[in-house]
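Two complexes are shown next, each including chain A; its partner changes from chain B in the first to chain C in the second.
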Partner chain A sequence: MTMLFLHLVVDGIVTGCAIGLVAATFAYFYSTSGTFHVAHAGVYTFCGYVAWYCTTWGIPFVPSLLIAMGVGALLGVIIQGLLYARLAQIKASPLVMLIGSIGVLTVLQNLAAIFFTPNIIQFEFPWRIANVELGPIFLSVPQLLILILCPLLYVALLLFSSYTALGRQIRAVASNPELAQITHLRPRRMFIYAIAISSAMVAVPGVLVGIDQAMQPYTSLIILLTAVVAVIAGGIGSLTGAFFMSIALSTIQSVSVLLVSGRWSLAVVFVIFIVFILVRPEGLVKRKFSREL
Partner chain B sequence: MPLIAKNLIAGYGGKPVLEKVSFTLEDGEILAFFGHNGAGKSTTLKAVLGLIDTIEGEVILNGENIEKMSVDQRLERGMKLLPEGRGVFPDLSVRENIEVVDAVNRKNGRQMISAPDVYELLPVLAERRSSIAGELSGGQQQMLALGIALLGSPKCLLLEEPSVGLQPDLVENLFSKISEVCKHLRVPAILIEHKIVSALKIADKVMIINSGRLVFNGSKQEAEKIDLWNYF
Partner chain C sequence: MCKSEIKNILAISLIGLAICGAAHAEELTIGALLPLTGPAAPIGIEQQNGVQFAIDQYNESGGLNGTPVKVAFDDSQGKPDQGVLAFNRMTDLENVPAMLTAFSSISLAIAPLGERREVLIINPAAQSDSLANASKYLINTIPLVGDEAHVLADYASENIGKSAAIIYENGSAGVSGRDSFKQFFEAAGGAVIADEPVEFGQTNYRATLLKIAAAKPDFVYIAITQSQVAMADQVGQIPGFPLGIGNTFSSPFFGHPSTEGWYQTGIQSGFPKDDLVAKFNERFGTEEMGFFAREYYNATNMIIRIAQHLLDNGSELTGKAMRDAVFEIGTFNSDIANLSITTNTASRPVEILQYQGDERVVIATGNVAN
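What follows is the complex of A and B.
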């Protein structure tokens, strides 16, 4: 029982790290632009398929991952340039932006199904099912990669945000878009940088989770749902809150199968979310000056 | 003359709010601009900065007609706005606030006032360099907002209610700093204010607007001879 519990906790942490990066990058773009970018889940899926397609041409894992990240960044820039920027120009309401984003998500999922395949696919890497023994814990190689790369990228995003000129400029735009406009920080350009960075980063869990659990075009919505719950419960605009709340929620979801049927595990997440919002509506990490939902 | 507005007619959705507003400002002069809420003060500033389209009239900055220019082009020419109550990046530290704007100006080659100059002009910012801007007192936030507005090569300051929410002693302190900076840098400023007595102390010229029409436009000395309240 103890071993089972331990394995469930570790499984939850691994999944939480992947979802955490989805949530942190989602929060990063949201806090910068104010756009509820649900198409982020479409980028996540599409990048997984791009990497898979690269491997079918014999391209090794690392270049495939980098190509997927590049495609992710490009997709993000296209979505911002062709949709969000134009909607913002005509002063579209946040609801219209959200509906537009849902449209892009649907298009990306369907494009993945049309260009690649609507069926479940698996990467053909021989190391996909290899296990690594860490004391009493067994992790697959893709799980270990998730456990290392996703937190690393989250930390890299924080460091970029705090210690680089571009990162600080993006934070300034997030902090006060009107002032950013009149001080020549060019918010629209910063939105493009922010979406490119978050879309490139979301490709990493997209590919690694795809390797670990196989892929289907329409499965990313569940991941996005948990990520959005984590973003809100973690404290809107807080990357740290979003990342660690994702880990907490995924771990609870994973362990909950000891008490309830696996079919209800997502419901457990939402019950916790509702309780959390009622008890601490500002989220896990309270930010004093962030955007409101 | 550094800033001239000639017969400005501007408004929203093609409907005029301002009726032929005209004024001139010399180097280092401060124009105190008074009026009720909704009288047209902010609309005048927006028209000068290009945030709304003018229907008629001209805005001339340092001899150049900027009337047809975009907001960005006017900003590039040194127009600086201190917006009411939101002139800082609240999530960033004081140092980061100054640095991000300083870096953009440096990149664009517009650098009469850089970060060290701002710290010298407004020493309180140097003392609070590591503090988060949103956690500063109201007065310190306004000092920071002024510092941000000064960065680059300011040719004209547009100050929108800089004293909002400040205690009287802080207002005096902020206004004397504004006056000192304008005289020292020889930059003209339009100061929209509700605190009339404090604003008059540093003003060189006074303008009062009522329902989009200028009802008084004269020197500080002329303003002191009349009862300003009759014009509201």
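What follows is the complex of A and C.
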């Protein structure tokens, strides 16, 4: 039983790291722009397919991943430029923005199915099913990569946000768009940077989870759902809250199968979320500004 | 306008209607309600290819008494509510007398409509046991999940072990598979010590596999229809994972190091002649004519044969007449399968196969009585 518990915890942490990066990047753009960018899940999926497509042309893993990140950034810029910016121009309500984003998500999922394949696909890397033994724990190589790369990228995002000029400018826009406008920070441009960064980063879990498990155009919604729950429970605006709450929720979901049937594991997560948010409505990490980074 | 002119117009109209009616009587439009988008689309598209190929082949050889057979595809999206809407579209707009269906939940949703609207529904792939008596207008051309589970449970209790765990898809066919296997395995003296559901299209099975492995059964009965390769990979990560057994849908488990020695039942499903298979692959850019393509090809030919039978006997192509003709004809033999239909579910042999290296070896055959 102890070993089973340990394995389930590790599995939950690995899944949580992947979802954590989705949540942190979602929170990053939401904090900056105020747009509830559910199409982020579509970018996540589409980038996975791009990397897979690259590998079918014999392109190695690292260049494929970088290409997928580039395509992700481009997709983000296109979505911001063609949809969110225009909706903002005509002063569309947040609800309209959300509906627009859902539309983009559906389009991206279907484009992945049309351009690539609607089939469940697997990467052909020989190391995909290789195992790494860490004491009593077995991890696949892609799982190990998730465990290393996703937290690293989360830390990189934090450092970028705190210690670079561009990161600080984006934070300034997030904290006070009107003041930022007066000081010639040009919020719209910052929104483009923010979505490009978050979309490029979300390609990493998109590709790695695809390599580890398999990919299907329509499966990213459940990941986004957990990520959004983590963003809210973690404290809206907190990248740290979003990332660590993702790990906590995924671990709870994984371990819950010890007590209940697997069919209830997602329900367990939501029950805990509801109780948590009733007890601590501001989330895990309380922020001074509602959409602060 | 004088009376004689009106009479002439009426007469010409009546003749016109009669001609149209006569032509219409020999026209056959087959409905095909398949999941063409959504997570089940890969299966739906393979099924669509099978139907289209059968129609194309038949029309190339002259059609139904010289009239090309038509097919109307509609998308169920793998959802029962969309399936019902699509059923109504096809019956109202296309007036189809016969329809092919896919997936248990959708087939169960449209089954009563088939009876109400008198539309023959042929199911060549869905396997929920509830389909056996869902409607007298619903004909299943493959054994249901319970039939396969019966053969497998008897074999497993005698040859593999007495304690089993079950992993099943949380849908109509998966739940049916779980219930049937449990019933027959326990009747054969075995015990089911754990069961765990997974969701359709899920790709991360690790928590489920770990829990099942910890229960230490002699073997695991797996009833899923998608993502078998992902599951096989993850099984390979769990040392000492028990032997797996499954049904027809377990075929993708074959060929992985982690599934060596596993068992599955297989509904005997042959191939059309080599030149036809080659033509199919060329037409659809596929490497093989898969199980679903073959079964839907066969079922489409079955509907055409029923229609030809009715026309030869001077009957109209109505759903009711087609349904009655199924039992009148009774036996539908082809390169794909020899179907004997005396109840709503065809009788076909079920094989037990074992994965041995790069071969799936037939180690037993059981016939499913209906």
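Following the convention adopted for this analysis, the second predicted complex is superposed on the first by the 291 of 293 C-alpha atoms of A that agree within 3 Å, B and C clash if a C-alpha of one lies under 4 Å from a C-alpha of the other, contacts with A are read in each partner's own complex, and residues count from 1 in each chain.
What we mean here is this: a contact is a pair of C-beta atoms (placed from the backbone, for glycine too) under 8 Å apart; a residue touches a chain by one contact, two chains touch by 3 or more.
Just so you know, these numbers come straight off a predicted model, no measurement behind them.
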Touching partner for A:129 - first (chain B), second (chain C), both, neither: second
Partner chain in contact with A:183 - chain B first, chain C second, else both or neither: first
Touching partner for A:165 - first (chain B), second (chain C), both, neither: first
Contacts of A:175 with chain B and chain C, given as first, second, both or neither: first
Which superposed partner A:257 touches (first chain B, second chain C, both, neither): second
Greater chain A contact set [chain C / chain B]: C
Partner chain in contact with A:8 - chain B first, chain C second, else both or neither: second
Partner chain(s) touched by A:219 [first = chain B, second = chain C, both, neither]: second
Which superposed partner A:90 touches (first chain B, second chain C, both, neither): neither
Chain B - residues contacting chain A, complex: 49, 71-72, 75-76, 81, 83, 86-92, 96-97, 99-101, 103-105, 108, 134-135, 148, 151
In the complex, chain C residues that touch chain A: 37-39, 41-42, 45, 170, 196-199, 201-204, 206-208, 210-211, 214, 226-227, 229-230, 233-234, 236-239
In the complex with chain C, residue positions of chain A that touch it: 1, 3-4, 7-8, 11-12, 15, 110, 113, 117-120, 122, 128-129, 131, 138-140, 213-216, 218-219, 253-254, 257-258, 261-263, 265
In the complex with chain B, residue positions of chain A that touch it: 165, 168-169, 171-172, 174-176, 178-185, 287-290
